[in-house]
Amino acid sequence: MIVTVILIPFIAGILVPAIPFQKRWQKEVFLETAVVLNSILVWYLLLHHSDSTFLLAHFTGNLNISFRVDGMSMVFAGLVSALWPFATLYAFEYMTKEEHENVFFLFYTLTYGVTLGIALAANLLTMYFFYELLTLVTVPLVMHTLTREAVLASRKYLYYSLGGAAFAFLGLIMVIVYGSTTDFILGGVLDPAKTVGKTNVLLLIYVMAFMGFGVKAAVCPFNSWLPQAGVAPTPVTALLHAVAVVKSGAFAIIRLTYYSFGTNFLKGTWAQYAVMSVVMFTIVYGCSRAVKETHLKRRLAYSTISNLSYILFGAVIMTPLGLVGALTHLVFHAVMKISSFFCAGAVMHQTDRHYVHELNGLGYKMPRVFGIFTISALALMGVPGLAGFVSKWNLAGAAVESGNPLAWGGIACLLVSALLTAIYMLTIVVRAFFPGKDFDYSTISDIRDPNWKMLLPLFVFTVFIILFGVYSQPVVDFFIKVANGAV
Amino acid sequence: MGPNLFTNYGEAVSAILFCIGFTNLLLQTNLIKKIIGLNIMDSAIYLFLAEKGYIAGRIAPIVVNGVTSTERYINPIPSGLVLTGIVVSVSVTALMLSLTIRLYTRYHTLDLDEISTQLKKEGK
Amino acid sequence: MSRKKTAEEYQKTFAFRFFRWLSGEKDPYSGEVEMQPQKEYQPDPEAALRREKEHDAIMDKVYDTEHNKWMHLFHRLYQATSILFCLFLIALLLVTVSYLPAIGTVTRPVNNEVSGRYIEKGLEETGAINIVAGMILDYRAFDTLGESHVLFVATITVLILLRLNKTEKDEAEVNDRRFEPKNDAILQLVATFLVPIIIIFGIYIILNGHLGPGGGFSGGAVIGAGLVLYLNAFGFKKTERFFTEKTYKWVCFFSLSFYCLAKSYSFYTGANQLHSVIPKGTPGAILSSGLILPLNIAVGLVVACTIYAFYAMFRKGGF
Amino acid sequence: MNFICNFPFFSILLSLFSGTICSVLPAKAAKIVNRVVIIVIGLMSAVLLLYLLSTGESFIYWMGHFPAPWGNEIRAGVLEAGMALFFCIIMYLSMAGGAHKLPGEVVESKHNLYYILVNLLLSSLLALVYTNDMFTAYVFVEINTISACGLIMIRQVGRTIEAAVRYMIMSLLGSGLLLFGLCIMYDLTGHLLMSNIKESVGLIMANGEYQIPLIVSVALMCIGLCIKSALFPFHAWLPDAYGYSTVSSAAILSSLVSKGYIFLLIKIIYRVIGFDIFNSTRIIDVLFVFGLMGMIFGSLSAIKENDIRRMIAFSSVAQIGYIYMGFGMGTQAGMVASIFHILSHAATKSLLFIAAIGLTDVSGGSRKLNDLTGAAYRNKWAGAAFTVGSLSMVGIPLFSGFISKLLFAQAAVQVEGKMLASLIVLGISTVLNAVYFMKTVIRIYTSAADTPYMSITFRDRKPYTVTLVCFILLNIILGVSSQPVVDMIGQGLAMFA
Amino acid sequence: MYFILLSIFFPILAGLFLLIHYRTPLSGEKKNAGRKSLLLLTGCSLVITAVFVVIALFCEGEGFILFYLTKDLPIYFRIDNVGRLFSALAVIVIPCAGFFSFEYMKHEEREGRYYGFYLLVFGVLNALCFSGNLITFYLFFELLTMSSMPLVLHSGSKEAVMAGLKYLFYSLCGAYAALFGIYFLYRNCDSLTFTVDGALRASAITEHGTFLLAVAFIMLLGFGVKAGMFPMHAWLPTAHPVAPAPASAVLSALIVKAGVLAVIRVLGMFGRDFLKGTWVQTAWLCLTLITVFMGSLLAYREPVLKKRLAYSTVSQLSYILFGLAVMDETAFVGSFLHILAHGFIKAALFLCAGAIIYKTGKTRVEEMRGIGKEMPVTMWCFTIASLGLIGIPPTGGFLSKWYLALGSLNSGIPVFDVLGPVILLVSALLTAGYLLPLSIHGFFPGAAYDYGSLQKREPCKLMTVPISILTTLSVLIGIFPHLIIAVIHMAAAGR
C-alpha cells in the first residue's frame, strides 16, 4: 500500500510521454485523475495507517529501504498530497505557454512520488535515498526553459544540493554507527553506550549534517540557489521551491534532530546554539534580501528562505512545543507561500511581467488575484486571524517556554523579519492598488484575471489560510500529539 | 647506522648507483640521459642481487664432477633473478629508445619539457 | 565660526541627517522602497573576446621559456630539491644496507633450504648441470615464461611505434640507402668470415645452456649480433632474401607457441601430480634435462630475431 | 584435485598464448580471438568463483612439479576469482564499447598488435591477481606496464607519445623501487613466495632483528606500486594518457591497469607482510595523507579542466585517492571499502569513458565542454549513461558509488584518529565531484540551438548501445545488491590470512 | 451585547461593500448619480453605526468571546470605562469628519475607496475600544494600521504613497515590538484579559523581573510608535500633510490615540506597582518630555500649516503619555482629559486647515494673511481651538494640563516632578507661538494687505457645522468636566 502511493506517480509520470495523447485535455484528465487518485490513496493510508514497517529492499548490512507511517510522515505526506492536485491543475493552465510539456509533467509527477517517499520513509537511509532522488528529478524542472539563466540556476541547484547531501551523509553514517538502529524513533536512536567520549565529534557532525540538509532548506550561507531557481516555471517554483523540495530539507532536519540524534542529546549543547544562531541569521538575512529584490518571484523566494528558517528555528528549540511550532509553520507556510507564488505565476502568465515595478495598477485589472495576494501577504506578515499568526504564535510561544535566552533573541528575529515581510509584501500590494496619480491605465487595459483552472487553487488556498487562522485548534492539537509521539 | 655498512660495501655502492640512476631517470629532461639513468638503476639492482648470491670461497653453480653439495656452490637464485631482470631491462630500454626516436623525428628535440611546451602550443 | 560649510558638505554631516530624521523628512526605507529594475545579464561578446586575448597573452608569456624569470627560478629550485631528494634516498638506502646481513657469509637468510635443495637435488630433478638454467627453466619456469613475453610485448610495442606503412616505408628506404655502406670490401670480407663463426658460437651457447654457462637468451643475443653485422655489411637487399618480417613473425610465433605449450604441459602435469612423459636423459649429455634444451632453442630463436628486429626497426622502421 | 582448480592456470596461459596467436592473425580474426578468449576466461572465473564459494577455502596450485618454497605457485581464493571475473567483464565491455573508434584512430595494419597487447595485458592482470610469488609478480608487472604503454600510444598523436614516455618513466621508477624493495625483502627472508616470506617476516618481527631494512623494503614496494597506480603526487602522466589514447585503452587503463597494481599491493599487505604488521608501520599514515590529498586535488584539477576526457582522467586521480584512504585507515572495514571501490570505480570509470566518446562523436569529435552542449539529445544512450556514471561518482543511492562512499564512511568512523579528517574530506570531495560532473551533465542536456553540430545525428550502433546498457546495469547491480559482493570481499580477505 | 458586534461589523461590512461596489472610478454622466448614492450610503452607515455605538456604550455586561484563535487565545469583547471614553470620542469625531469630507472630497477620484476605508476604520476603532484582551486588541491594532493606510495615501501622489508606506512600516514596527512583549506576557500571565492592577504571576516577577521590565519597555516603545513618541515619531509629520484633511483629523484625533489606549492597557497588564520607580519609568518620562519639547519646537519653525499641526500632535500626545508615565491618579485624569480635549481640538484644527485648503488652496502659513476676513467662521473656530490647545481657561485644554501638572508635582518622582510641569509650560508657550500668529495675521493682516483682493470664501454648511460642533465640544469639556472626571476615576479603578 505504501509503495503504491509512491509508485503511482512514477508510473503515471512515465506514461505521459509514452502515451500518444490525441488532445491536450485527455492528457490533463489522465494526469489529474492519477494525481487526485493518489492523493486520495495517501489520505486513506494516513487515516487508516498501521504501525508496521514495510520493507521494500535490503541494502547492505542492516540497512534497508523501508516505509512507515508515523506522525511526522502524516503531516508531511498529508500536506504534499493535499497541495499536489491543485498545483497540477494550475500547471495545466500555466504550461500552455511553455514548451516540452511532456517532459515537464513527467518530472513533475515523478517529484510527487519522490516527495511522498521522503515523507513516508521509515529510516534515515530511505529518506536520504529519496532526498537525493528529489534533487535529481527536480533539476530537469528547473532547467525546463533551457535558457542560460535556467542552466546556471540548475547547475547551482545541483551543486548545492548534492554537496549538502554529501555532508548530510556524514550524519547518516554517525547514526548508522552510533545508533542502535537507523529507524526513526522520537527521542533519538543514539546508543548512549556507544557515544561515550564521542560527544563533541557527534555534535560537530550533527552541525555538518544540519547544514547539509539545510542546503535544501536554504539556510544562510547556502541559500543562493533558491532565488536563482526561480527561473523555473511557476508551478515548479511554487510547489517545489516553496513546498516540496525546501520543506523536504526542513523535514529532514526535523527527522535528524528529533528522530535520529534526539533532542536530549543535543539540547543545551554548543551545537544547538550554533545551529540556532545560523537559523536566526537566516531569518533576518532572507527578509532583508527580499526587500532589496525587485524580481517578483525571486523576492518570494527570498521570503521562502526566511520562512523556512522559521520552521528550523522551531525545530532547533528542541522541545516538543518547538516541534509543534515548526510543524505548524511547515504546513501553514506551505499554504500561504504556494498561494502567493501562484498569484505571482498568474500575473506572469497573464501579463508577462516579472518585476515588481511593473505591477503598478494591476490590482484593478486582476482584483481576484491581487486580493488573494494581499491576503497571503497579510498572512505571511502574521496578522492575527490568518494562518501566519498562529504558526508564529506557536513558534514564539515555544521559544519563550524553552527558557533559552538565545531563543528569546530568536523571537526578536522573528519580529524583525515580520516587519521586513510587511515591507516587501505590502509594497507590492500598494503598487498594485495605488499606482499613483499619473498612472496611465491604458497600458494595462487588456489584462484580466486568469481562468478557473488557475483561480480555483487560489481560492481554495485562501479559504485554508483564513480557516487555519481562525480555527486552527484541531490541526494544532494533532501536531501536539505528533510532537509528543502520541500518533 | 647498523654494523655492516663497510662489510656490505658492494651493496652500499649499488645503493648509491641506484639512487643516481633513479634521480637521473626522474629529473633529467633529456630523454637519452633518462634512459641512461634507467640502465644505471637496473644495473645497480643486478649488482645488488649478485652481491647477495656471493658466498666467500665457493664456485659458480654449475655442477662439477657430479658433486652436489651445498658447501661447494654459491646460491643460484640471485643469478637466475638477474638473468630474468636483464631481459626485462633490455625490453624496456628498447621500448624507451623507440619512443625517443618517435618523439625526436616528430619534434626534433630530446628535451621532454620542450616537447610538452610544443604540445601545449599545438593545443591538442 | 569663521569657517562656514558649503551646503553640500553640510548635507553630509551627521547633524544634518539627524535633523532630517528628527523632523520626519528622512526615513530608513527611502531608496529601498523606490525600486529600479535590475539589469538582466547580458553576455558581452567584446568581453569574451578580450578575455580570450588576455588568455592568449598570458599563455604566450607562460610558454616563453626564454624570458620567464619565474620559470628559471622554478627550475633552479627544482634542481636543488631533486639533488636533495637524491641525497636523502642515498642516505636512506645506505642506512638500510648497513643493517642488512653481511655479505659473503653462509649464515645469511638467503642461504636457506631453498638454495640448498636447488644445489643438492637440482641435477637429479631437472637433469641440468647448470643449476641456474635448471632453476629458471624448471623450478621457476613461470617467471621465465613471463620474461620471454616481456620481450615479446616489447617488440610488439616497438612495432607499433616504428613500423611504417607501405608508402612511408618506400620513402624511408630511399633515405636509408644513403647511409648504407656501398659495398665496403673490408667490412664485407670480415663479415663473411666472422658472421658464420658468430652464429655458430651463438648456436653453441644455446645448445649448451643446460650444461654450462649460457642459454637461450645469451645465445640468441649473440646470433642476433651476427645478423646485425651481416646486415650492416651487405645491406637489406641481402638479408631480405632469408629474413623478412614474415620470417620474423612465424619464427617468433612458433617458438613462443612451443614454449607456451610445452610449459603448459609441464605445469599441468606438475600441478595435477601426473607423470610427465618427457625423459630427463643422462646428465651431461646434449640431449638431456628434459625440456630445457628445446626451450633454450626456442628462446634463442626469439631473442635472435628480436634483436635483429629491434635494429631494423630503429634504423628504418621495417625489415 | 578438482579440475576446476586448473582454471586460474588455464586462464593465464590461454591469454598469454592467444597473444602469441594474434601476432600471426589478421585483424578481424584477432578481434574474434580476443573476444572469445575474454569470454572464456570470464566463464572460467565465474565457475571458479562459484566453486570457491561452495568450498569456502582457497587453494594453491603448483606451477610445475615442485611444491612451495622451491617452485612457482599460483593461488586462488574468492577474492582473486571475483577480481578475475570482474576484470574480464570490464575488459570485454570496454573493448566492445570502444571498438568502433579503433579504425579511425589506429592504422589498419596494427589492429592485430592492439589485440595482442590487450591479451597480454589481461594475462598479466590475471597473473597479478593469482600469483603467489613476488618475483613472478614483478615480471608480470613489467608486462602490464609495457602493454599499457603500448595501449596508450597505439593511437599515435604527439600527446599520447609524450604521455607514454611520462607513463613509462613513472612506471619504471616504480618498478625500480618495487624491485629494489623486493631484493631487500629477499635478502632478509631468503624466499620469494608470499606465504614463506610472511612466515619469515613474522619471525623477524618477533626477534627484532632487521626491522629497519624490513620496513624500508615495505616502504619501497608500497611507494613503487603507488607511483604505478598514479596516487596523487605521481599522477602527472595520467591525464594525457587517459585523455588522448583510444577510448578502449582509456577505459581499460583507468579501470583495470591501475587496479591491478592496487590489487597487488593488497596482496603484499595481506599475504607478504601481514595486515597487522603493515598497520603498525607509519606507512599507512603516509598512504592516508596522500589519499586525502589526491581526493581533493584530483577533483580540483578536474574542475578546472575543459576537456571531457581529461576531466574524467583527473577524476580517476581522486578516486584512487579514495582507495588509498581506505588502505590508510588500517582496518578491515577500510580495506573492504577500498576493494569495493576498486570494483565500483572500475565499473563507473570505464562507463564514463565509453559514454564520453559517444558524446564527443556527435559533437564533431571535439572534446571541449562547450562543444558538448546538448550532446545528450543527439545521442540519448550515451547521455543517459554519462549521467548514470556521474551520479554514481557523486554517490547517489542506487548506484555503486554510493555504496563505496557508505562503506568508506562507516569504516572511517571506526578509526579514532582519522575519522574526522576522512569524513570531512569525503564530504568535500563529494561536493567537488558534484561540481564537475554535474556541470557536465547539465551541459550535455542543455539544448544548443546555435552549435554547428545540431545536424549531426547519432548513427545507431547496436553493440555500443548494448555495452552502455550493460555498464549501467552493472553499476546498478553493484549499487542495489551490494551485500553479496561485500560479503564476498570479506570472505576473500579472510582467505588471504 | 449584539450592539457591540453590530457597531464593529456593520461599518466593516458596509465599508467592504463600498470597496467592492465602487472599485472602478466613477466617471462621466454616471458620476453624479453614483456619487449621490455613495454619499447616501456612507452617511446612513455612519449614522447607524453611531447609533449602535451609543447604544452599546450604555450596555453593561461581562463581555463575550467571539471565537478562539488557538486553544487559549480568545477573541474577547468587553465594555469598560476606558473603552467607553474612547468610543465616545470616536463616535463624535468620525461622523463629523465624515460629513465634512462629503464636501471636501467632492473633486477627488475614487471616493468609493475613501469612504470604504473610512468606514472600515470606524469599525476597527470601535473594536479596538471594546477589545477585552490583549490579543484581540493587537488584532484590531494591526487592522487599524492596514485600513487607515489607504486613507493616508488616498491622493495617490508619489509623496502620499511614500508617506503611506512610511506610516505603515512605522506602525508595524511598533506593533511587532509590542507583539514581542505579548509573547512574554502570555507565558507569564494567567490570561491576557485586561486589568488595571497587573496580571503578571508573582512567580514570574521574582524569576524574570529584570527581563520583564525590558519587555515592558519594548512594549511601551512599540505602542508609543503609534502615539508618536520620540524616537519613532517621524511618520506623523510625513503622513498628515499628504492625507486629505478629514483623514488627518481622524488620524490625529483618534488613530494616534489608539497607541495611547494601548499604552494604558499595557500599563494595566503590567501593573503600576511593577513599573513605578524603575528605570523603565525614568526612561519613559525622559522620552515623553523630549517629545513634548521637540514637537513644539519643530512646529514652531514649520511653515506648512498641516505639518505644523502634525508636529503639534506629536507634542500634545506626549503630554498624555507623560501623564501616564507619571503613574499618578491625578495625572491619569489629566491624561484622559487631554485625550478628549486634544481629540476634539485637533480634529477641529485639521478640519479648519482642510477648509482653508479646500477653498483657497493655500498651505503655507505666510500665505494666509487676512484669511480671517475671508473665512470668519472657520477662523474663529480655529482661534478658539488654538486657545484650547495652548491651555487658556476655560477650555478643556486648560483643565487637562492643570491636572497633569498637579499629578506630576504630587507624584514625588525626583527631578521629574518639577521638570515635567516646567517643560509643559514652555511647550504651552511655544504652542501659543506657533498657533496664534495664524489667527493674528488672519484677522489683522496689517497695513500692507490689499483689501481689494479680498473675497468671501466661507465654505458651505457641510464643512462649517462639523467644525463648530467640535470646537464647541472642546470648550464644553472645560466647562463641565465633572461627569467625565467621574467616569475617568471609575476607569482608573478598573470598573
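Order of writing sets the chain letters: A, B, C, D and E. Residues in each chain are counted from 1.
Everything below uses one rule, namely that contacts are C-beta pairs under 8 Å (C-beta built on N, C-alpha and C of every residue); 3 or more make two chains touch, one makes a residue touch a chain.
Fair warning: this is a prediction, and the values are worked out from it, not measured in the lab.
Give me the fewest steps it takes to get from subunit D to subunit E if each step has to go to a chain it touches.
2
By the touch rule set out at the top, what is the minimum number of steps from subunit C to subunit E?
1
For subunit B, which other chain has the most distant CA centre?
Between subunit B and the rest, the longest centre separation is with E.
Going by average Cα coordinates, which chain is farthest removed from subunit D?
Result for the farthest chain: E.
Closest chain to the protein's overall Cα mean, using per-chain Cα means, please.
Of all chains shown, the one whose C-alpha centre lies nearest the global C-alpha mean is A.
Which integer distance in Å separates the CA centroid of subunit B from that of subunit C?
Distance between chain centres, rounded to whole Å: 13 Å.
So what's the Cα centroid distance for subunit A and subunit E, whole Å?
43
Rounded to the nearest whole Å, what is the centre-to-centre distance of subunit C and subunit D, using the mean of the C-alpha atoms as each centre?
Computed from C-alpha means, the inter-chain centre distance equals 19 Å.
With chain centres defined as C-alpha means, what is the inter-centre distance between subunit A and subunit B in Å?
Each chain's C-alpha centroid was found; their separation is 67 Å.
In subunit A, what residues contact two or more other chains?
423, 427
Counting only residues that touch at least 2 other chains, which ones in subunit E make the list?
Residues 165, 169 of subunit E touch two or more partner chains.
So which bits of subunit D are touching at least two other chains?
135, 139, 142, 146, 149, 153, 156, 161, 180, 186-187, 212
Using the touch rule from the top, collect the residues of subunit D that touch subunit B in their complex.
Within the complex, subunit D contacts subunit B at residues 135, 139, 142, 146, 149, 153, 156-159, 161-162, 164-166, 168-169, 172-173, 176-177, 179-180, 183, 186-187, 192, 212.
Taking the complex as given, what residues does subunit C use to touch subunit E?
21-27, 29-30, 33-34
How about subunit D: which of its residues touch subunit A in the complex?
Result: residues 391, 394-398, 403, 405-407, 409-410, 412-414, 419-420, 423-424, 426-428, 430-431, 434-435, 438-439, 441-443, 445-447, 480, 482-483, 486 of subunit D touch subunit A.
Which residues of subunit A touch subunit D once you look at their complex with the stated criterion?
Within the complex, subunit A contacts subunit D at residues 57-61, 63, 125, 128-129, 132-133, 136, 139-140, 143, 146, 151, 154-155, 158-159, 162-163, 165-167, 169-170, 173-174, 176-178, 201, 204-205, 208, 212.
Over in the complex, which subunit E residues touch subunit C? Could you list them?
162, 165-166, 169-170, 233-238, 294, 298
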